[in-house]
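Before anything else, here is the set of structures, which you'll find just below.
You will see two complexes here that share subunit A, one where it goes with subunit B and one where it goes with subunit C.
Let's look at the complex of A and B:
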């Protein structure tokens, strides 16, 4: 039996996590009173869910409403405005080099996520399936426990010595390796779900270990790689502490640093700040909404084994 | 036949190790550069007088540590305690709210599907922008919270939430809860779904209400997973920096100074890199001491559960 036929049988239907798509539990037959109670409960839980949704949406909705307000209207502290204006939108792009900042962030985040996967995927396979170097896995995970500020100053001196401060390759390397523990943790769940029999069959057929990994396991890991890659991309896009020290220069400055610098700027008002924030979050929100099943699958695969 | 098989197996074992170590090489290099080197370097810096321009200027032994513990410093040790208070508080609140929402979601799957997209928004928002959004919401002039409280007549004058003492820390906690409760919800929901449906249905048929189903079936069966979520959030909460930076910058006074931020300020605003390194070592030790018992407990519970 060749490897292709093994994969061709598509044995991994359960590999993709599904969040809420499961068919609803069969209704329990009960008396009219019980049914009434169930309906009340349903209504209560929908109301509860609505409250949560309001809480989660409010700050973002408020940002949206701010973008349509003039400086004077902002001070009223109301949600709605009588005279909406679009002035903030064009002014924000004029005052802030928004597109450049978002572009830097996206470029660094994407490249670093690719690097993270290239480093983490073979390593995860080696530990989980080949059962070698378990301590490397534990060390990677325990390095995640340490607050990042621990590495801030040493890496600053290292990057300065290497001439990597304020450079795109420097930030890509930094985030690429920094997110490896997260990717390892997420991918381990996906590797475990691939039946070991597949690898063993390939080994017995004479395929080498690396060949088996590349030809058999990698294609099956694609959902996991996409999910972990997106999560690492988002982590890199959102990072601030290292960026604020290593990527201050305008030529590499990303969104988070740019926004933080406008905090004290008198030329930027609340409305423009809100525009900048929303524009900055948009790429991530688009990714999140397009890939929500993958993302949720990835997040929960690591956390709940 | 069996001889050939054993040759393959023997060759296989050697190859297997070689292949595995080859695949592990990049991670090992990464760990040496990004984990081992910083730890050794920071420990080295902590026993010296160092600045950003001139690391390792002079050896001063345990001077930095003495200053931080029994010397005149009055900000660092409180910042450790505050970081612990913050982390436990937000982890508990997030687990509580997140679990509650997850239970609501299991009982109403259609609403859950709609809520899923909403849940992702706070989770994906850069913490810096979470800070900005809450700063705008809480602003004394123009913030929605003050505006609404004023128009409802609950307060007479705007409250400076980020500028007064208990409220500043509470505000950071609220922003953190806003950002991370969805994460806990998603994980808790996945955990709850591991409880077999028929167990819950059998209990319902026997007349158990939602409360007793939760306390007697769902909670005991998922406790090891929930503990893992709690520990994970605790680990993450100790890293808080962005929210402090944007919302309060440690103030008013030092009332929102948490170690991650304190270290940053010592090293990069006061340029005392040696002292910041000593703070870093103490912070890392403190976090480990707090987390190790929990990680140990988690391992015990997990062994018990499986």
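Let's look at the complex of A and C:
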């Protein structure tokens, strides 16, 4: 699951506070002819979905096949191999510290996603719900328009000055702040979906702005926080540009940089690179699968009306 | 409970005047309904009392103490929202106790108050449910309960019954009124339903286009609407209006129909709008001698069982007549619409203001 598919699923479709109208029930079709048509339609849609899925799965399948090929066979460019080998697999873990790199990536990505949410959740609430400093929201988003490479040099000197180069805290801070605009952009929709009357009811009940946010809005934002946190985690996990410059040292090196280093002086070790890539994307897919229910959760249904 | 005084309150928003010069005093223990069509500013006024809506000027005081600078948290009012605004992630019990918890009440007192409210509103069996597992009527009662458990200075209800079905609305209406009387609550209640306002309120403030048009008891509003807007808004079916001009002792309508004036309207002149309530009119076929009447043709009859609404074309307009019992004339019949000159309302054609009766000799 990629970031795009997570967004595209509209995780809050069931969170409608208006208790949206149920879709019209399909008309009951009578007769064998109609049933036959239905079956044809079903078969067609299965084929369509299969084709669609195949389109996205093909690169992964190619990656898998690469891992079982010898170096020479890779160059032939064939999909199937006559003599599958496991050599790439044990070499990948032996030659490079693949597990350590995946661990660095996961650690940095997770902590930075948490940091992003800690900054973005109250900020989004303040901007969207309390309408305080709305220009900050636009400003944050506008910073995301520029190509990241523009920030490379200033960031490099800043991080060197702070002594944060090649350090886990440095990368966590970098990604954590870098992804705040994305999280703001994602969370804004979730905050808007919480009825303003809930905040007002809490104020009338005597809760201040901070307590209202913590006791009322935050619990209702959980699906949004999970979704946004997941996307920030994926963005941080997949980031290469800054990592290649600020986290080269083996003590902090993450997966993306590690994969790039398979490109040797004379040749590229495609087989091992494929193993590293497969291993590297696994945790992120597992996380996405595990949290998929939280993304769709209808926690707040029924509060209003 | 407190007295609420509103003085010269106004609010401009985006160049539009949402509230203009609102002056209103709500007595302690009084049930005041703010009524008017949607967009008239009644909800804005209610929210201004709660502190949820910033105002542009004027003042609001509780028991003589200005609260203009106080945020909603410090005003100690209770509010029932149109959408109920129950906290969806809390059980009914916690929804009720939330405000008490925030105010630092000790758990035993908290429990007692929640139990009291639950008993009064028959919510005892629902205390451990989440709002999503409640019906509309139950949610409405929880919202009321959340307001009741606190000891607020006033209760503000924003169209609290508009999401209930007709039957439930009537029974809840009775419950709210009984509760308000029993606890002597100061209650401000917005509704666009004039029947709700008339049946519930001690006094009604009719609003239109950001202004309070008239504040009076329900019967005063019905008997003496201050202008044409109030006259048309209060009463169902709505009051009939006939425009005409003064011609010695009578009003002559566009098509030549003549409406006799009572003696206490002797000084009305110029273009005049005559208001006739459907329930003060009668239809008959024979030109009866006693009541003055207007000749017309029945265009439409709506049978409601106990009564019928008969629409009669006369004086260049269509008059609604409430006809009690059976025997309503058929569509197309030539009828005479009888009226009582003592019960007609007159409004100035230009200003739409009521032309107040001048007491005649012998009357007090």
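Things to note:
Here is the rule we go by: the second predicted complex is superposed on the first by the 234 of 305 C-alpha atoms of A that agree within 3 Å, B and C clash if a C-alpha of one lies under 4 Å from a C-alpha of the other, contacts with A are read in each partner's own complex, and residues count from 1 in each chain.
Just so we're on the same page, contacts are C-beta pairs under 8 Å (C-beta built on N, C-alpha and C of every residue); 3 or more make two chains touch, one makes a residue touch a chain.
Please read all numbers here as calculations on a predicted model, not as lab measurements.
In the superposition on chain A, contact of A:186 is made with neither subunit B nor subunit C. After overlaying the two complexes on the shared chain, residue contacts for A:200 are found with subunit C alone; subunit B is out of touch. Shared-chain residue A:144: touches subunit B; no touch with subunit C. By the touch criterion stated above, A:219 is placed in contact with subunit C alone, subunit B being left untouched. Within the superposed three-chain model, A:285 lies in touch with subunit B and out of touch with subunit C [touch as defined at top]. Judged by the touch definition given at the top, the superposed model places A:263 against subunit B, while subunit C stays out of reach.
In the superposed model, A:208 lies in contact with both subunit B and subunit C. Shared interface residues of subunit A, touching subunit B in one complex and subunit C in the other, are 203-204, 206, 208, 299-300, 303-304.
Residues 195, 197-198, 200-208, 211, 215-216, 219-220, 299-305 of subunit A are the ones that touch subunit C when the two sit in their complex.
Across the interface of their complex, subunit B is touched by residues 17, 19-22, 24-26, 28, 41-42, 45-46, 48-50, 52-53, 55-60, 62-63, 66, 74-79, 118-120, 122-123, 125-127, 130-133, 136, 139-140, 143-158, 174, 177-178, 180, 184, 203-204, 206, 208-210, 213, 234, 237-238, 240-241, 244-245, 255-256, 259-260, 263, 270, 273-274, 277, 280-281, 284-285, 287-289, 292, 295-296, 299-300, 303-304 of subunit A. Interface residues of subunit B, counted against subunit A in their complex, comprise 8, 12, 15-17, 19-24, 26-28, 30-31, 33-35, 37-39, 41-42, 45, 52, 55, 97, 100-101, 104-105, 107-109, 111-130, 132-134, 136-137, 139, 141-148, 150-151, 178, 181-183, 186-187, 189-191, 193-194, 197, 200-201, 204-205, 210, 225, 228-229, 232, 235, 238-239, 241-242, 245-246, 259-260, 263-264, 267-268, 273, 276-277, 280, 283-284, 287-288, 291. Of all residues in subunit C, those touching subunit A in their complex are 50-52, 71-73, 75-79, 81-89, 98-99, 102-103, 130-134, 136, 139, 146, 150, 163.
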